[in-house]
Structures are given as C-alpha cells and as structure tokens.
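Here it is, the structure in full.
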Amino acid sequence: MLSDTRIHELAQVELKEPVLIQGLPGLGYVGKVAVDYFIEKLKPVKMAELYSSYLLFPDGNLGINISEDGTYSLPRYEFYGYGEKDPNVILLTGDAQPSVTGQYEVASIVLDFAQRFGCKAVYTMGGYGTRSGNDVGAVYAVVGEAVLGERLKKMGAKLAKGGAVTGAAGVILGIGRQRSLTCAGLLGATTGAYPDLEAARAVIQMLTGLVSIPVDLKELDTEIEDMRKKMERFRHAEVEESKEGEEKPEEGKDRYIT
Amino acid sequence: MLSDTRIHELAQVELKEPVLIQGLPGLGYVGKVAVDYFIEKLKPVKMAELYSSYLLFPDGNLGINISEDGTYSLPRYEFYGYGEKDPNVILLTGDAQPSVTGQYEVASIVLDFAQRFGCKAVYTMGGYGTRSGNDVGAVYAVVGEAVLGERLKKMGAKLAKGGAVTGAAGVILGIGRQRSLTCAGLLGATTGAYPDLEAARAVIQMLTGLVSIPVDLKELDTEIEDMRKKMERFRHAEVEESKEGEEKPEEGKDRYIT
Amino acid sequence: MLSDTRIHELAQVELKEPVLIQGLPGLGYVGKVAVDYFIEKLKPVKMAELYSSYLLFPDGNLGINISEDGTYSLPRYEFYGYGEKDPNVILLTGDAQPSVTGQYEVASIVLDFAQRFGCKAVYTMGGYGTRSGNDVGAVYAVVGEAVLGERLKKMGAKLAKGGAVTGAAGVILGIGRQRSLTCAGLLGATTGAYPDLEAARAVIQMLTGLVSIPVDLKELDTEIEDMRKKMERFRHAEVEESKEGEEKPEEGKDRYIT
Amino acid sequence: MLSDTRIHELAQVELKEPVLIQGLPGLGYVGKVAVDYFIEKLKPVKMAELYSSYLLFPDGNLGINISEDGTYSLPRYEFYGYGEKDPNVILLTGDAQPSVTGQYEVASIVLDFAQRFGCKAVYTMGGYGTRSGNDVGAVYAVVGEAVLGERLKKMGAKLAKGGAVTGAAGVILGIGRQRSLTCAGLLGATTGAYPDLEAARAVIQMLTGLVSIPVDLKELDTEIEDMRKKMERFRHAEVEESKEGEEKPEEGKDRYIT
C-alpha cells in the first residue's frame, strides 16, 4: 500500500510551545463551529493541509468536495498557526473525519506535526449527546489528569463519568495522553441540532478561559445571534429557490455525483 | 501485504505531453461510453493494463469476468495511446472502479504512468445525477482552476456548485490538482438510464471542443442513433432467447458463479 | 501490519511439472467434494499447510475450527503432492476462502508455491449456479485460451459465456493466466444442494479426462451412491440425537462459541 | 500504514516459564470475570499495556473509554505478572477485542511478549453459548493435543466436538498451537446472562485445578454470591437514579459521545 497520510506545508510560522486546538465535523457540528470562530477572531496563518486516503465523506465514500466556483478539493485537515500573543496556538479543523482504520495514523501524524513546534497540550472540542434540551449550554469534560478535571469543574464544566468519546476528538486525546501531553476534551451538550450554536458558544467560553486564548468574547453573544440569523435566512432562501423553475445557476449545488 | 496495484505494459508508444482522458463505469455509464467512442474513432494503440486487488465488481466481490468465448480476465484498467496528431492522448478505460480503500493508490499509479510521458492535463468524464429529464444534454463541470471553469462556461457547460464527485472520476482530479496538473471533470446530466447515450454525446462534444481532440463529430448524431438501435435490437433478441428451450449455447451467459 | 499469509511445509515430495488442482468450499460444495475424492483415490502426501489472517469463516469471523476430539486448528489450505505417475499433481483444498482483501495475496502465494515445482497448469473446480434441475450434471468451463475451450467442448463441457467467477476459484485463474500458465475452471451446474454430489461427479469425470489423472472411475457411480447414503444416514442420526435428553456427548457439536 | 500494535512496558517482573492466562470481554463476560478474580486474589504486578488500532469498541467504532473521574484511555490489553509461587503466571485482560483484521497481529504480539519470559502454555477462558439453563456450570474444553483433552475430561470438563471458537479466545490458541505451546480453551456454558458469574466460577475452578494456580478457592462460593449481590444493588441504584431530576452528578455516565 502506498503511504496514505501526508502533510503539505504551506507557510512557515514561528510558534513557541503552541497548544493544539482541534474542532472537526461531528455531533451538532459543535467542534467545527467553535474552531471556525477562533480562526475568524485570531486571523491565524494557514500553515499546512493534511490529506489522507482515510479521510472519507460521512457516508463512507471517497471523492472531492466542490466549491461554489466549481473548483474542488479532496477531504482534508487544515492547520492554522497563531504566534502573535501567548499562548501560541495551532488550530486544526477540516471537512472530514478519518475512517476507523485510519484514526490512529491520522492522529499520530497530527501530533507529530504539532510536537515539532514544541506543543505540550491538546484540547479537542465536540458535542455531547443529550436528550434533554435543559442540558444544552453545559460543557462536559474528559481529561488526561484528574487535576485538570478539578480545575475545569471549578470553571463550571461537568466531568463525563463513564461512556466513551468516539472518533477523532477521542483518539487524539488517547494518543496525546500516551505521549504525556496535557489533554482535555470539551464537549458541549447538544441534542444534535445542526449546527448547535448554543453548544458551540459554551465550549468557546470554557476553552477561552482555560487556555487564555487572546480573543475578546464581549461580542460573542451578538455574533452567535448573527450567525443564527444568517443561517435562518440562508435556509429560507434555499426553500424559495427550490420552488423556482429550471436553468437557474444553483442547479449544480449540493448533489452527489459519480 | 503484497504490492497490490501493478501496470503491465504491452506496447511502446511515442507520446508528447499527452492529455489523460478517463472514462470508467459509473452513473449512466456516461464516461465509459464516451471514452469507448474516442477509442473507436482514434484507433489508438493499447499500451498497458493495470491490475489491482482493489478493482472489485460493483457488488464488492472479486473474481474474473468471462468473455463470449469462455476466456476471462481479472477486472482491469486499459491504457490506449494516440500520438499521430496534436494533442497526443492517453485514453483510460476499464471494467471496474477501485474500492474506497484503493482509490488513492490506483489514481496515484495512473498519474505516475501518464506523467512519465509528460502528461500535464487530466480530464475525467462521468455522469451527473439529475431527476429532471429536461436537464439531460447539459454538461456540468468541476475544475482545478476557476479560469478553466470560465472557459467551459463560455463553451456551454454549467459549473457544479457544491456537492461532491465520488469515486475514481473525482479522486484522480483531486490528486492531479495536488500535482499541479490542469484538471477538469465533465459530467453529463443523466437520470441514470443505462447506458445514457444522450449524456455521453454531450460530454463527447464538450471535451472534443475543449481539448481539440482530432475526431470528426459530423456523424456523431447518426452513430449515437445507430448505437441506440443496436442496443434495442440486442435487448429484443435477449428477450426472445429467454423464451426458448434448454441446451442453447447462450445458457452460460451473464450469471454469477462461485 | 505483520506478514499475513504463510506456508508451513510438512514434507518434501519430489514432483515434476505438477498440475495444480484446486477445490475449496463454495457453491454446492462441488469443488471441495471433488478434490476430496481425488485425495482419497490418489493417496497423495500432505506437503504443506497455508495459514492466513485472510482465511475467514463464511460469516466473516475469524477463529478456530474444532474437531471431533476437541482439538482445533485455524482455517487453512492444505497442499497434497502426488508424484508416482504422470502427470504429477498438487491437490489444494481447505476449509475456508480468503476475504476479498486477501484473494490476490493468497492466490499469488499458492501459485508461487506450485511454480517452485515447475507447475505449468492450474485447474479449479467449483459450482455453477443454475435454477434448472435439468442442467445438473452439465459442466461449464472458463478457459485461459480459446483453444482449450474447444477441446473441453469436444469432451462435453459447455463454455460459460459472460458473467463472472467470484472467489478463490476465479482469482487464481486470473493470476495464473497473467503468469502464462494453462488455466481452466470446471464448474458443475448445481442448484446449490449441499453437498451436490451429482455436480461433483460430473466435474470429477471431466477433469480426469482432461488431465489424465491416474484414478479409476469405474466405481465412481457406486461410490457417489455410497456417499449419498452415508450422508442421509448421518443426517437421520443427527435428527434422532437432537430428540434425546441432556448430558449426551454430542452436546459440544457444531456450535459457535466466543 | 503506521505500525499498529505496540506494547508499553510498565514494570520489570522476574518470571520463570509463566503460563499465559487470557480473559477478555465476550459472551457472558465469563473470561473477563474469571481473570479479574485471579488478578484480585494473586495481586500480581501490572507489567505492560498493549495498544492497537485494531482494538475497537463492540460496535466497531474507535475512541476512548471514560472513567468515573473523567480521565480516559484508549482500548487496551493489560498484562499482569505473578512470580511469587509456582507456576508463574501472566494474566492478560483488557476492555476490547481486536477487529477481525487485527486478530492475527494482536495474538502474535501477545505471544511474542509471553514467550520472552519462557512461556510454554496458553489458557484462554470464555463463554460457551447454550440455550439450556441446565448446562450452566459445565465447562467445555478445546485442546491443542488430545491427551490434554483426556486429562480435562477426567477433571469433569466436556470436550467441544465441532463448531468453532471465534474471536481472541480462539485465535491465540490457534497461533499458540502453531508455535508448539501447550494450549487449551476453557469455555463456561452460558445462556449469555451478563455477567454470568455461575459460568465464571466453573471456569475458575477448572483452571485452578488444571494449572495449580496458588489461589484459595475456599471462599469462592461466598465471593461469587457477594459479587452477585453487589451487582444487584448496583442495578437497583441505577434504576433509582434514573428516576431523579436533573443536574445530578451521574449525568455524564455511560453515554457515547462524538
């Protein structure tokens, strides 16, 4: 088999012991929304892309994602580096999760990359399934060391007690702990609404406090509210469009092609 | 694991910066019909076959395909080379698609082969699922660079906007773009009719114009019409046959055997 | 990944350009019954066993098969060598088929082994699915070269015309042909009865004629009849047993355990 | 692919030709309960952990298991060494079974580890599916050599006669036999009750007698009874809890998170 996972480096960024913050598509899109918020606020430099034959679409197929302008790319992870204030940060996002077979390999290569810059701490953000709407806004934590759990509890997090974190948000914490990195997963309680902005906000606040990420949260509430409105408008527009006739430019949108 | 994908070279063909044109079995059989048309018209030389443990039957099994004379072969790709006029062309077809696990490996080895001849452009042909019969005849394009999209739009193509191209028609474009090749996928709108000759004709015309393939399209309409008639006659004959008694030579046809 | 397929050699047998004859579990158990018949008649020497992590149970699980005396073994292929008369023969049987992923690797390693002895011809035996009971007794052939097909037709075989041979009976023929070996698959028409002794008898007769295997077929009919009777008695006994009470020694039979 | 299975050594233990005793999660949890009993009684030293990308959750996913204090770990095997009396013992337990693809690799690496200490015998404990409650308490044996089967029969075991042992309890016996180790699987008849303490007790008694493990069984009955009571109380408590209101600390328990 050919080597299956590769990092393409795009830009050199000077980083000092950055913390690695990962947010990938998953339950309620919590992790992905949260990391996108940090990327928007910190305006970090895009350092690298990771490609892997293990990065599949959610339906288990492999192919290319098409953009609005007809260009495309293979599923990938993206690394952003922020080195202007302390702590330095590597933000990891992407448009796919590895298949079960590739989880170890992809997580290992991600950590190899981050550790080259002296990374000593890994935080993943994701969703925590709950049936109760009352629980939304809560953040559940899993931690590499119990002492970090205590600290998070003081900050208002709940500790997950049993169960499992499946997928990339879990596996990278598992391997990170084996490598003696400081590790925690912050999981926003979500009923699975897509995307769950409430849950993302709770995770953003908790992580900003824990890591002292230099972003201003003053306007977070307003911004989350704006995102919600935009999304509603967008959905509304989509419904309108789908009532219209043929030959409209949106015809090539959101379909799977083979 | 043993090395899983191998190219068997059959003949040396002198080629100068050929464009690679791929048409494999898929939705509506559009890509396969189109590439077979070019092979019939250009009369290229069969250069090589590719075998891979990842080339599976559509049902996910592995085995041999049986010909009309009782001989057989493993699923394979076939490379044809055409070097008589400009541009030189490598035509790639086959009777199977790689499994998800093998898509990266097979696409990489195909590109390695084409690049040995100086190949700088890759075009894939396939089907684009549509529910509306009105859309048949349209060609949707995905492109490595937006500028190529603009050119294709002027030629009458529509740009795919969102969604995904799964399978071999997509993955090779993804890897081709990483290798800085000129890349486009031309996808004929099809309701999935099998084989969709209308969709194939549209793709043939578009690609012939884009790449200046030296084939005469004057008789394309008549030829497509002829193919349709032959197929109808063929299907008719099959129905007749299946009404006849036992011991007829067609008994060994089209069954799966283990 | 660790190396997954290994041959354990058990005895040295002097063989001169042996033909390889393969019969594995499959449709109607035709190939397995036929090869077991040859093993019983030729009394060949057990030369080797092949073990592979790809040799799975029919349900896709992996484990050990338990014998009547409580001993067990991993799923395996068995090679028997017969060098007393011409032609020399390697008989290959086993209690499992490789998974799709392992078909190429296992078939390649089997051929490597046989070719070490100068093997130039490969014959596989199997079942050919038919819905018509009238067709049972017919042998369908797939062949590496059309000329061998002509010869088999004169001997009474029918040529398979289209369709596919899936599984180990097909893949080894595919790779054998790539290695320029003489190859044929003899497939006894079967409705899938288990085991289909009628179909096995037809295949045994055809292959014995084709390869001139030095077995006496005079009593084949009687022996097949005996096997049928034994099996019926066996089944009868099983039904009786299952009516009896607890604590009987057969309690540990034919169950899957984890 | 990166190397997928690794052993992390935690402590040096002096061992002389230890017997390897394996109990993993499976049918009725019989093997796991039994090995945990030996670990509790012998107070062995934790020697090593084995991690593998093949150690999946029972649902086929990969991730981390969360403990009561919010810490977590990847699925793993654990090796315990006991060298104080004869025979020396390596106890192997864990919280997952390898996927089919990884069974050979994981079992091979486990045996490599044990053989470094001179291990010459492997015993696995597990469940044996039975529909009859009357059969619970019986131990079925599979053995590498028939003579060991005779000995076990005299001790009251039944021989499994046919069928198969799937999963890790079977594969390691298969590979152990190939390496000429003394091998046996002791399978407690179970209707699949979870966990089946009755079946575990029978297996504990049989193995203690066979291997002369230096544990005192005098209080086994009382202890099994205590475990049963604790479990019932635990289940009772769980039911109570699930009737209570929100915000209770048990909220983070036993859920799957992504």
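Going by the order they are written in, the chains are A, B, C and D; count residues from 1 in each one.
Just so we're on the same page, a contact is a pair of C-beta atoms (placed from the backbone, for glycine too) under 8 Å apart; a residue touches a chain by one contact, two chains touch by 3 or more.
For clarity, every value in this text was computed on a predicted model and none was experimentally measured.
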Would the interface of subunit A with subunit D count as same or different, where same needs over half of all numbers used to appear in both copies?
different
So what's the Cα centroid distance for subunit A and subunit D, whole Å?
37
Quick one: report the Å distance separating subunit A from subunit C, using the average Cα coordinate of each chain.
52
Per-residue multi-chain contacts in subunit D, two or more chains
1, 4
Contact pairs between chains, per stated definition:
A-B, A-D, B-C, C-D
Contacting residues of subunit D [partner subunit C, same complex]
1, 4, 26-27, 100-101, 103-105, 108, 126-130, 132, 134-135, 140-146, 149, 158-167, 169-171, 173-175, 177-178, 187
Could you please specify the touching residues of subunit C with respect to subunit D in the complex?
1-2, 4, 8, 51, 53, 56-57, 60-74, 246, 249-258
